[in-house]
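In what comes next, chain A is part of two complexes: it sits with chain B in the first one and with chain C in the second one.
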Partner chain A sequence: MKGLADLYLQQLKTGVASMLQYRGALVIWLIGNVLEPLIYLVVWSTVSRSAGGTVGGYSARDFAAYYIVLMLVNQATFTWVMYEFDYRIREGTFSADLLHPVHPIHADIAENLSSKVVNLPFVAAAAAGLAAIFHPALKLTLTAVAAFIPALVLAFLVRFLVDWTVALGAFWTVRVSAINQIHYMAVLFFSGQIAPLTVLPRPLQVVATVLPFRWTIGFPVELLLGRLTPGQVLTGFGIQAAWLLAAALLVRFAWRASVKRYSAVGA
Partner chain B sequence: MRLLRLFGVFLRVSVMGEAAYPANFLAHLLDSALELAAALAGLALIFAHTATLGGWRPEELGALVGVYFLVGGIIGLVIQPGMEQLTESVRDGTLDFTLAKPEDSQLLVSLWRVEIWKLIDVGLGLVVLGVALARLGQRVGVAQAAAFAAALIAGGVIVYSFWLILATSAFWLVRVENILVIFQSVYEAGRWPVSIYPGWLRFGLTFLVPVAFAITVPAQALAGRLTWRVLLGTAGFAVLLFGAARLFWRAGIRHYSGASS
Partner chain C sequence: MNTTPAISLRDLKKTYIVSEREPGLRAALASLVHRRKSEVHAVDGITFDLAPGEIVGFLGPNGAGKTTTLKMLSGLLHPTSGELSVLSYVPSKRDRAFLRQITLVMGQRNQLVWDIPPSDSFELNRAIYRIPLADYRKTLDELVALLELEPLLGKPVRNLSLGERMKCEIAAALLHRPAVVFLDEPTIGLDVTMQRRIRTFIAEYNRLHGATVLLTSHYMADVEALCKRVIIIHRGRLLFDGELAALVQRFTAHKTIVVRLKDCAADLGSCGEVVSCEDGRLTLRVPKADTARVTGQILADLPVIDLTVEDPPIEEVIERVFAQGAS
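And then the complex of A and B:
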């Protein structure tokens, strides 16, 4: 266990150092991750105003609060392993990683966390700026904040494991862009990004409850905004825990099956 | 029409290169179709809750999505790949070969790379536009159609000039790929009429990154809500920006010192 903690610490340090070298990429990433929630914030605020004040229980200022918190949650749980894996397998750089005595997922988690350390001040500044412009209706309670933190940690873990499993598709086909596109759309529609869950038609809400995506983004957001009853919060934690278990098993099996297929050029 | 002849040549080269990978067609078709489906599903979701978005009726926003795909397809077909290659060859010095050719260098670098699969986006955009137009029906007269064509051409010229200016700055800054990528991520904001955005963002989407001219203005023309003043202003801006891009390109070429010096 101590060995693993050392590994994370070291990966975090080198990760932060290398992120700071690629400042241009950082800016691009930041613009993308701020602009998307900002667009939906504007669109839905406009809709709620023209629909007579509220849509799905959200007023314009509620949408502002929803999407600003969503931007922060999305930043915290965001991963890019799908794109990374595609490159690794195609270029064969994965061969060296496979020789490490620890599971490669640890290095990926540490790298992901280090990017968040670097990005945090910028995203916080963006959130503060948006809050000043859109006047979100945000009233935080202590219990909501206390429950939000474990929900966010679970959301991060579930999203990372699910994304990592999807990324393993790169072992099986060279055309991962179709897989990535489908995954991206599933996240868009079922996580609460395109609209809060209560705004979606009933059948989509049911599907979203079953799939993991809502539990990686929408659930912590609604929790922090105080939109869930205590019963819903407990159920949510239960589903998050169930998905964490399922995703951990999934990673295990998918990883074993995938690695067997791997053959680098020259091997 | 040197432009069309050159474009034809480069298009043929690209087709010959890509014809070896026919399965790519299906992969790209799936990608684009999914993106379009998501865009239309998003519209359906919104119009389940409201009759108009910022004054735009569903079929008008449908036309806007069509323009978004059409213009995005044209950018991805020839503008973006050419400009990316330009920054690349400024960096590694291979631009020397292009400058030595007996053809206008700006014309060459604007057409030399054609990403034929983006024709799928152009086609899908046209289909969506056609369906939206059929739904709009008689509201689109000859005047509107002419205004649409003019706005689309002006918007295209503005986007092209904008890209050329960005790419030309590579003569001084060398590494500008990142700036080019930023345009791509901001372009997505154009899927909605810029009029719904708050003032500061609308300004940015109009003059910093000309998404408004490329997408909203042509779609406005179809919806019959484009005033002559805006159309004339757009055309004027297009001429101005194209001239500026041309001058900037000349200055860039003069500044360029080549690979061996």
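And then the complex of A and C:
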């Protein structure tokens, strides 16, 4: 455990140092990260106003609160392991990772966390700026915040493990960017990014409940906004826990299969 | 004395299945429906042992199966058949205790994180291999001194020259003091001085830590300086396994006699093949069995200023071995 903690610490340091080398890219990425929820926010606020005040139970200020929190949650749970894997397989740098006496997922988790450390102040500032402009209807309760934190941690872990599993597809096809596109669309629709799930038609809501994406973004957002009943919160935690277990097993299985394939065909 | 081999291969094979097609659009369309598969026997039944502490040169032309073998030895590739043991581990199981005791240096971009100084990457490797701090400092000091890394430690890796990067790669790969070291072309693309430095370093590392080293290189100077024993493979099969000196003996039918005379007037065509003669420096190729007789004759008949008998350059010998293997 001590060894693993040391590894995470070193990976975090390395990750932060690497990220700071590319300030330009960092700024561009952050602009994108703010712009996307901003577009949805503006669109849905306009829709709700023209619909006479609310859409699916959201007023314009509710949408502002929803998308500002969503931006923070998305930032906290976002990963880019698919691009990483694509690069690793194409450039053949994966062999070096395989030679290390430690599972490569640890390095990826730590690197991901390091980017969050670097980005957090900027994203927080962006959220504050948006709040000043859009006046979100946000009343935080202590209970909601207390429940939000574990929900966010679970959301991060589930999203990371699911993304990592999908990224392992790079072992089977060189066109992992195509898989990535499909995955991105699914996340967009079923996580609550394109619209809060209550706004979506009923069948889509049912699909979203079954898929993991809602539990990695939409659920913590709705929880913090106080839009869920205690029963819904408990159910949500249960589903998150189930997905965590399933995703962990999936990673284990997919990883073994991937290494086996890599060792069979070489790269 | 430990008699268990550090590395042991028995009839090791690796067969790749590759899809192939004819050139052209029609063939491209046909390949969408039906792909023709064929087998490539990258490694085709290799057997050898390495004793602990040995440095062995692993040679062969491009595509001979050297890298495939090294990848199997380090656990990156599963053998198709045969037996393989490194430090009594089965490499393909990728046991952590096994991975902690080996290293594979392959190409230029492996161990180091591109955007940060090497010292940070070293620190990361310390954590990855869980090297106790005291050991780490000692090994690092040693590597920094042997490879003269001091001025490079603080520069981002992407700003280092090829040679500087290679030195840092090697240092990063050896921080955990592996007992078995696989080096795939460690001096490729480096200038002569840097090649020599890395060569000296490998010898020194082997001497200090008794590490077993299997090394591939296209530079015969590397092999001559480091390896008493060489293993040659071609098309996945073993061509030669033995002492470098024995290889030269076995595969050279000729010796080169270089004679210094006043001028090029003497006709030595009857003694052997005159390769060249410039400013009285005459190079003669003679069958090995005739060397003593011809040398005696030249010394007796001509006003010789200087005379040397040489084996052909090792490159030439290896080329001959490859050529024989191909036929």
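The definition used in the following text is that the second predicted complex is superposed on the first by the 262 of 267 C-alpha atoms of A that agree within 3 Å, B and C clash if a C-alpha of one lies under 4 Å from a C-alpha of the other, contacts with A are read in each partner's own complex, and residues count from 1 in each chain.
The criterion applied here is as follows: a contact is a pair of C-beta atoms (placed from the backbone, for glycine too) under 8 Å apart; a residue touches a chain by one contact, two chains touch by 3 or more.
Only a predicted model underlies this, so the values are computations on that prediction, with no experimental measurement involved.
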For A:182, select first, second, both or neither according to whether it touches chain B, chain C, the two together, or no partner.
first
Mind working out whether A:121 is in touch with chain B, chain C, both or neither, as first, second, both or neither?
neither
After lining up the shared chain so the two structures overlap, which partner does A:231 touch, if you call chain B first and chain C second: first, second, both or neither?
neither
Give one of first, second, both or neither to describe whether A:203 is in contact with chain B, with chain C, with both, or with none.
neither
For A:17 in the superposed arrangement: first (chain B), second (chain C), both or neither?
second
Which partner does A:101 reach: the first (chain B), the second (chain C), both, or neither?
second
Common interface residues of chain A - those touching chain B in one complex and chain C in the other:
none
In the complex, the residues of chain B that touch chain A are 27, 30-31, 34-35, 37-38, 41-42, 45-46, 48-54, 175, 178, 181-182, 185-186, 188-189, 191-192, 196-198, 200-201
Please output the residues of chain C touching chain A within their complex, sorted ascending.
16-17, 68, 71, 74-78, 92, 94, 96-97, 99-100, 102-104, 106, 109-111, 113-116, 120-121, 123-124, 126-130, 156
Which residues of chain A touch chain C in their complex?
3, 6-7, 9-11, 13-14, 17-18, 21-22, 91, 93, 95-96, 98-102, 259-260, 262-266
In their shared complex, chain B is touched by residues of chain A numbered 24-25, 27-28, 31-32, 35-36, 38-39, 42-43, 46-47, 50-51, 55-56, 133, 175, 177-178, 181-182, 185, 188-189, 194-195, 199-201
